[in-house]
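Paired with subunit B in one complex and with subunit C in the other, subunit A is shared by the two complexes that follow.
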Partner chain A sequence: MAEIPASLARVMEELGRLPGIGPKTAQRLSFYLLRTPRDSVERLAAALIEVKARIRFCADCFFIAEAERCTICLSGRRDRTLLCVVEEPLDVLAIERTGEYHGIYHVLQGALSPIDGIGPNELRVAELLARLRREPVSEVILATDPDMEGEATAAYLAQQVGGLGMKTSRLAHGLPVGGELEYADELTLARAFSGRRLFQ
Partner chain B sequence: MPTYQADAIVLRRLDYGEADRILTLLTREHGKLSAIARGARKSQARAGALDLFGRSRMMLAKGHNLDVVAQVERRGDARHISGDMQRTAYACLVAEVVDKVLEDRHPVDDVFDLVVETLDRLNLPSRSSRADACWFLMRILDLLGYQPQLQDCAGCGSASPSPSTGEGGGASENRIWFSPLLGGLLCPRCGGHDQAGSALSLTAVKVLRVMQAGDAALYDRLRLTPELLDGVERALEDQLEYHLDRHLKSLDFLRSVRG
Partner chain C sequence: MFLSNVSLFDFRNYAELELPLERSTTVLFGGNAQGKTNLLEAVALSALTRSPRTQQNAELVRFGQQAARVTATVQSQDGLEQVETRILMPPEASSGRVLRQFRHNGRDCGPAGVQGCLRVVLFWPDDLQLVKGPAEGRRRLLTMLLSQLDRVHARWISQYQHLLDQRNALLRAVRDGRQNAGQLDYWTGGLARVGAQIMVDRQRRVLELQPLAAAFHRELSDDRERLELRYRPSGARIGEAPVELVAQQLEAAMAAHREEEIARGQTAVGPQRDDLEVWLDERDARQFASQGQQRSAVLSLKLAELHYLAEATGEQPVLLLDDVMSELDPSRRERLLAALEPGPQALITAADLKDLPPSVLEHAAVFRVERGTVHA
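Showing the complex of A and B:
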């Protein structure tokens, strides 16, 4: 059998590390890149290097930012008494697309996952509680995914936030139980926001 | 593609590609297996049945690498586990243990029924999830043939180890050493030689014996304080981790949130 040249094998190996990409897909993508004109591969490489150099996580809310703070945190038009807690930056984008929400966010960067050993210390929970102590938030909307791990995370946060004396609410059902926020359609998500209920 | 049916419980799920998920399933018919659920992250109809601990009757299609979830008919629900962090974490412990002890497609008798029974108990708000999880740990040790020795000394075989008294004093009094390495209780003479393990109160030993005898009705009537369950849980965890040679992350998680 013909040997795969080392430089090509390296590309396959690196692509194969990406989430959701198995060895077959890595192989297909690598051969696609080989056939692609040099300048477009260079554009891709430059874009990857630039995004890594420029994008970081907002120091306050952990959404993506090109500066110390993200555009949402820096905006003068957001309602700072409303804070929405989500698992991932993609969830912020999904909620922003509804156009229904004008408060600020906090991105946990994951959900509690006992089976993977992800506890509160592996998420941005301490940062959330510190923020709530210093910012004039009156309601915390827990918008973690409506699946087992997202619900456990919401329950944990409700208990932690409850001690600080502000309202906590959870998105209304109508979101598919067991599903993900990111994949909910805009109308469903907008309704889930307007119909949110207080946490008991 | 040839297909087959199975009663299945979702033990783990992993996002894959655009909207797929790779599921680790425990099935009654074929033991533990992995299967891909295409479009699972976008499907509203199947979201509940394919969530963690979701139970269903499935039709699976033989695939090249992974079998494919073709049809799902939901059976049972876990609504009281959902939204309760402690119940969720104990259900995760069940899933984690089963995932680690079983080899792919090697069904072990009674494990499926034990998992169904345990998840059903965890789903009852009136029950103690911690006590039910401990009961599960003892049963799974039993099914795997790793039951701890709780009568004679696991070191020298002398009858009924009694608590060490006198000399050690303080905390060691009225306690019996439990050694996961030797697989059971140790008499005071053997206890000193084995560093790994924990000291159990006499009451914890009695609780473990009730569990080992399989007396569920009596176990349900016991008054199990958190301190008592600490000891029982620790001994069962140590014993299981010794045989698995792996650490149980769900129990670490529970300790971290219990504070």
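Showing the complex of A and C:
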């Protein structure tokens, strides 16, 4: 029986570690890459290495950044009294596309999910509270996903933030229940911002 | 409504099956472990989005295979509809979960997109323990019935299960010192709100089911016995209370059980602890009902389910009778067969054709089930 050469097996193994990619898909992708011209494979490899070298998470808000701080945090044109809390960097991009929001962000890098062992300590919650203590924020907009984990996370944060004495509000209007922010269309998301309601 | 075709691919012990069905009764016979129950399970899965037999979706995929598919074609008031359910195993060596995917008329959708296209009433040997067995069986009866009538209820059920899994995981983490008890409140509120919706629905439906079940039982007992269904919600008193009030009661009950919940790593109250008691002549049938009384009560419940579904939707559901004819004495069997008369399409399994009365066989399409194949 013919054996798979070690170099090819390594590619399959590495691809198979990626989320959502099983052994079959890893094999298919590996053989696709073998058939692909050398220069495009080199471009892919170089792009991966470059992104890893250049991109990191912003030291303040944990959005993606090419320096210590992200372009949003560094911008002089943002309203620093408004802070929007989201689960993932992709959520920031979705909100930015609406053009409706001019405040700053805080990316939790996930949501509470006891099944997956994720509690407040596994999220950027302590960093959020520290920021709120030192920055001049007057309203915190909780824009976690409208699913069960997102709701629990928002309720938890509302309590924590409430202790600091600032206003908290929740995106709600029209967002599909059980959905993910990242997939909400721009109009719905824009409406969700203007229709946000205060947390009791 | 009637099921005009069932198509299976790598489901349980079926590699591939294409089974066109008639509006009349279909009889499936064959020896043990040949695939009779598996076939009815596939039909029930199409109606319920979950197997009534197992919570472990992986069991549904044929041994050694990666994915199972069940396609049911249904002729109803709404025309011809196709419900496709796929169960996908996670890639080997990954810790991913087993996925369920749904298609309605060939288009991808969530479970809500297929719910209600096909409605079934299932009566199988497990049901003979319905009266005296664990409450889980009686809760399942309610969930199967209500989910088929009301997509919103089906969504409450799956949201509740998900929140319950999260909260129980948190209770265990708190017990083991991995997480802080302060977080519990944020899961408790949501769980209580969804749980209250389920309970209020259950209460209303049981009140509507009750007179039907009582009437069938009166008839089966020659007018001698009075059957009553009593819904026993766990952690709340429902009565006329609005949902918000029930949610508050549930939340308070969870707070009151907090120590116990943490120690056991399990939520102590809520719809997952409800019961539906069957009472005969003012006495709890769990304690004293004879074999015969239990059988009558179960049959009454099943006939009530059938009639309730038909009345509420204006359409006969499909009746799935798995191996129960041989369990019933002639008079109860007669009563069950009478229910087939005007109406519902029935799929009936039996180990042996001798278990079925000639009156059924006369008008039925008869198939033999053998090692995951079905032939005339």
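In this text, the second predicted complex is superposed on the first by the 199 of 200 C-alpha atoms of A that agree within 3 Å, B and C clash if a C-alpha of one lies under 4 Å from a C-alpha of the other, contacts with A are read in each partner's own complex, and residues count from 1 in each chain.
Note that a residue touches a chain if its C-beta (ideal position, glycine included) is under 8 Å from a C-beta of that chain, and two chains touch if they have at least 3 such contacts.
Nothing here was measured: the structure is a model prediction, and the numbers come from that model.
**Student:** So if we stack both complexes on subunit A, do subunit B and subunit C clash, or do they fit?
**Tutor:** The answer is clash.
**Student:** A:Thr81 in the overlay: touching subunit B, subunit C, both, or neither? Say first, second, both or neither.
**Tutor:** A:Thr81: touches no partner chain.
**Student:** Is the number of subunit A residues in contact higher for subunit B or for subunit C?
**Tutor:** B
**Student:** For A:Pro120, select first, second, both or neither according to whether it touches subunit B, subunit C, the two together, or no partner.
**Tutor:** both
**Student:** Going by the contact rule set out at the top, does A:Gln109 touch subunit B (first), subunit C (second), both, or neither?
**Tutor:** It touches nothing on subunit B or subunit C.
**Student:** Looking at A:Gln27, would you say it contacts subunit B, subunit C, both, or neither? Reply first, second, both or neither.
**Tutor:** neither
**Student:** Check the residue A:Ala152 against both partner chains and state whether it touches subunit B (first), subunit C (second), both, or neither.
**Tutor:** both
**Student:** With the two structures fitted on A, what stretch of subunit C runs into subunit B, 22-30, 220-228, 256-264 or 292-300?
**Tutor:** 256-264
**Student:** Name the residues of subunit A shared by its contacts with subunit B and its contacts with subunit C.
**Tutor:** 21-22, 112-115, 117, 119-120, 148-149, 151-152, 155-156, 159, 178
**Student:** Across the complex, what residues on subunit C touch subunit A?
**Tutor:** Listed in rising order, the residues of subunit C that touch subunit A are 90-94, 159, 162-163, 165-167, 169-170, 173, 178-180, 183, 185-187, 189-190.
**Student:** Subunit B touches which residues of subunit A in the complex?
**Tutor:** On the subunit A side, the touching residues are 19-22, 112-121, 147-149, 151-152, 154-156, 159, 176-180, 182-183.
**Student:** Using the touch rule from the top, collect the residues of subunit A that touch subunit C in their complex.
**Tutor:** 16, 21-25, 112-115, 117, 119-120, 148-149, 151-153, 155-156, 159, 178
**Student:** Write out the stretch or stretches of subunit B touching subunit A in their complex.
**Tutor:** 12, 15-20, 41-44, 47-54, 65, 78, 81-85, 88-89, 91-93, 95-96, 249-250, 252-254, 256-257
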